């Protein structure tokens, strides 16, 4: 059990020993329970960053904390909107407090290197606020050397060649990738039993006005809840994405956190 | 994928259909990341209620929401105390808000029957508060028929004969069962790779004064962090516990939630 | 006035002198305004811990801070439920903040030894959270030696002989003691004008399923709101309880707080 | 017991009956634990409004809820400042939540007429905010007819003749009345054992610049903590004040709350 | 641009240089958006303290931070009540947090001398609480020398001769000055285009009972929303007020903040 | 005064009349006090959306509420980071509460059409949360028809031809536009006295890794605090931007809010 990268699978003695010996990075996957179209399960935003974390941890010697399973409210232009059944979201303050509390505790354990792997776009700013409040508090407690990296794993897909391989018809931006080629390919590579490509509706990419309306005008989201079609998703694309992300993130961790 | 009991594994359409057809109970496992002695992993309080939920759901047609992975601060007399490395706890308000937010969202989906399966003693009152705040808010929104059951699965072990089978030397109460025969047997039955019986320290049951001190007097907790010895834990006991809990809870759900 | 144990009855100069000379323990009674059956007034949970505090203070040289008069929401299995008229409860966060604020101020005065005497079961975890938040904050302010004892006075009745004297027909646990022999005997010994034994309804002890339902199923609480019958309450039992509690708590304070 | 004006001294059945029969006003004394000079105890701001409430209740048929024992932070120009030992104050949000919670509960009981008797100047705005938040919430719950009166009992001393009798050397405003003739006379009339006139320091009335400094410049408060001298306080003045306040408040309640 | 007293008009380099060279006082105007009768615009409580700040800053070398544009809820006896259309108020906690956040940031910049110029009576206690929470937090962060002055500019009109010049028929107190001679004269002197004296309703000064009712009894406020008549307002009076306030405040700043 | 588009410049009667007659849209500029390089003042994020609002209001008959002057913490990749002196930011919860409070009040006035004009990228998600919490609360109060548009004015520059005119050397995205050609041109067109082009440092556009570090690695931000060079900014570009934004936003308002 002591080789496991998941903190939850360790005893406290093994975890304590790891901290003392390695001063390891802890990775925290932060996800959501959110609709991902007709063709995919609702746990995508937890499963994917967790899978990336696991692989990065194995490669770098990091540890993975239990994933945050619920995230901030889905926004129409990035996740279809929070009006879908199944999408189960937290208030911003709850996301923020969760992050703050986890950091406070990791710091108490002796952890000083922490990376948050976001799997749900809408979480970003509430994660940032949780970090800021936690670091402020750690400073009050005399801890000045706790460092946090925040990343959304898709941001590591930035090599134009890779993007071209994934989007042979042209890349339209990460926002509309909700339930599209990117996430679906990764799910096909990792959790194929949670994808049913036959149910993909091949709708054109969603287009939105340059503003948001609240309450959401529901019919502006394509009916399946996806913002672009996953039709050209494939296992191979998923494996490519995974490799690029894992390599890129592992390398970033090494660079930032090597003392 | 649509037969799955885990909401996270469903598409939103399957979930929506289930609500419309069955008015199902949703079960929420609430756990903790907490030390459980030298011999057991730290995710016990999440794994066990999740496993119970899964079995209950299969038996009764309920659905299982993603587990809450972090819980309230470990208390010395029930969990050894919050000073151990690895134990990673939330402030009470964070636990409460998380429960409140999840209920608000489930109610929006059309869910009206909800059961919280607590796997970590210290969560109880903050769960209760989350429910109270959520039901208050639902009433403001005109929803009066949302009902919640809260249970700790161990409370269903109340048949003296069963208790005698589990504790041949006498039962000392649930409080000191932290990392003891009960939890270890369940883990042996369900996740044997996360238990190493050879590391169980056969210490006498912890005894505490009739009050608590803060900060905790660390040496009052037995060194491994467990409150009683797991030496007599066994797969068979674990299977017995599981059967009794699952049967009891399934029957309670049926009784309370059959319209 | 300077001999008084109640801080409220002292001038600030007398209080200041006491702190400088004795480094005294401060005791805080925390109660509730809660129904206690047909036969007893609703201030039981404030009066009793205050009376215990007063006697303990006289015996040990401690001081008593003004009691918290309102507590957390009554729970069905320990207090009958929060649906009764008269029961007037605070949200958990309010209880927690009150405790946190009082500790912050006592620490500013120079107090370093603090004991919270809880008279209302449901308060416990919100008191614990208030202490944890306060001690965290004191650490940020550089105060590391503030210590807190938390106790519910009934937990000091643990001598089997005493329990047998009180419960000649067998003891059924503290939970169902709401408005029963224990509290009624104490009130008879201390505030007989607030008890009318003629109104005691001699109902069997309440039994509950191994879970809670919200909203409460009101008819599961015995109609008077008490969870067991106070029929065998007596002044003598009250005096016995008082003596055992005061002696036990005085001795615990001495043991923990003697420098 | 059923004739008692203090809700805490009633059984829930008697309280319930009172609400059904009389639709009574509930009075809530809100105080503080605050230094009141060398010559007076620190519970003045609780004792005085409670005594006024009791008399008003007896005269009008109102009920008195348990007093709030701690209040908002003492300000230099009205209470000497919050730096004195003994003064034990709550954050503003705690005061506000307490008021909000109590109102929510009283409304649940069926109370619709509520009066808050403030005994500590600094509480005023946090009480007002608690009322505003509570009434907002009651509206969300469909309750539109809950009415609240807020008063500081000293505001009923507004007859110039009375003021002349109290302040033969001229009245200098309520602000500097902290621990002065007004409060001391009332204490002499009601709780003479908590006053020691021999310890009154006959200092001139405090004068302050037309602004406040934080942190407080401690030496701007007269050393005893009082803002004017209580030297001319007397039992007779206390009885006069009490009579005028009780009559005035009783009459105000009748006028505002008679349906 | 570097001579400007308004921080918002400076570059960060100029601001940084000012801090390093002068250790300047920062002034923060705090206002409200609130009805001010038939004859005056709703931004009075922002415009006036901002104008005073500007003049004081020019005179003393202080800097002016951007004004807080919204304030706490208008109270009937000081602002007519919060039921008027147009009056747009914040919850108390929002006012408090805004002050706390601004102070935390100014302290980070190196500012140590801060003065809050309140233009809306009802803000006072929520400003005080924001300061207290901020200074507490700064102490946790090791900053002990941050000082704050709080003032309402009208409190500097305390010379009886000046008051007589302003109120030839007798001064009735600042409370009822809402939209009266004082504010109207200042507006006439500073922003005449936002005043229409022809619309002043010459009603007698508002009189209120010695308590407040919630919800407000709307008809107790004079119909225009003003609490006294502005009929005798004049440019000359406005100029006099401005001069007296600016001189008095400049002198107070010098006295308190000269190292 | 009644023709003014700024609510603050209206009397409450004029405002009330406008609501009754026109059911107008209210526009709220939300900004920040944030460093904008060596060459520009720190109030850019307030001045620009306010100027856009004013022009849009004049064109469409909308009203403009007083601007929010402080915003959420500057992020390194969009605003240079929150470590600069002068940058004065609020916690996320403060931004959220401010928005929520303002919406609650506007709804009370009778406003039903509301548009938030964001001038500071980092505010976005905290504004969204404020809207969500406010609309939830309005629903509890029975108001279902309050609609909110949120927009960042730069999102209306999406015509490739316009972008080409502005960025003759190629457009690099809005993120790095902090203090660059876009904002500087607008300031030159609107507030030339707050810009000193001579101080523009012609640095290459900032490049960042695909993640964020906290605490910020300060040297990753170009020294002036700007993320791209403003060297090619001009009055003409500013006027073009203004025209395109105002036209686009006016047209969006008309489309969404015409009943």
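By letter and in written order, the chains are A, B, C, D, E and F; residue numbering begins at 1 in each of them.
In the analysis below, a contact is a pair of C-beta atoms (placed from the backbone, for glycine too) under 8 Å apart; a residue touches a chain by one contact, two chains touch by 3 or more.
None of these values were measured; they are calculated from a predicted model.
Enquirer: For the homomeric pair subunit E and subunit F, should the interface be classed as same or different, according to whether the shared residue numbers exceed half of all numbers used?
Expert: Shared-number fraction above one half, so same.
Enquirer: With residue numbering as the guide, point to the option in A-C, B-D or B-C that repeats A-F in over half of the contact pairs.
Expert: B-C
Enquirer: Return the distance between the CA-based centres of subunit C and subunit F, expressed in whole Å.
Expert: 54
Enquirer: Give, as an integer number of Å, the spacing between the C-alpha centres of subunit D and subunit C.
Expert: Computed from C-alpha means, the inter-chain centre distance equals 26 Å.
Enquirer: Of all the residues in subunit B, which ones touch at least 2 other chains?
Expert: 91, 93, 140
Enquirer: Can you identify all of the chain pairs that touch?
Expert: Applying the touch rule to all chain pairs gives A-B, A-C, A-E, A-F, B-C, B-D, B-F, C-D, C-E, D-E, D-F, E-F.
Enquirer: Which of the residues in subunit C come into contact with subunit A in the complex?
Expert: Its residues touching subunit A are 139-140.
Enquirer: What part of subunit C is in contact with subunit E in the complex they form?
Expert: Listed in rising order, the residues are 137, 140-141.
Enquirer: Of all residues in subunit C, which touch subunit B in the complex?
Expert: Listed in rising order, the residues of subunit C that touch subunit B are 72-73, 75, 82, 91-93, 96, 122, 124-126, 128-129, 131-133, 135, 147-151, 155-156, 158, 209-215, 248, 252, 256.
Enquirer: Over in the complex, which subunit F residues touch subunit E? Could you list them?
Expert: 1, 6-13, 15-16, 19, 33, 35-43, 46, 65-70, 84-91, 93-94, 97-98, 101-102, 105-106, 108-110, 193-194, 196, 199, 225
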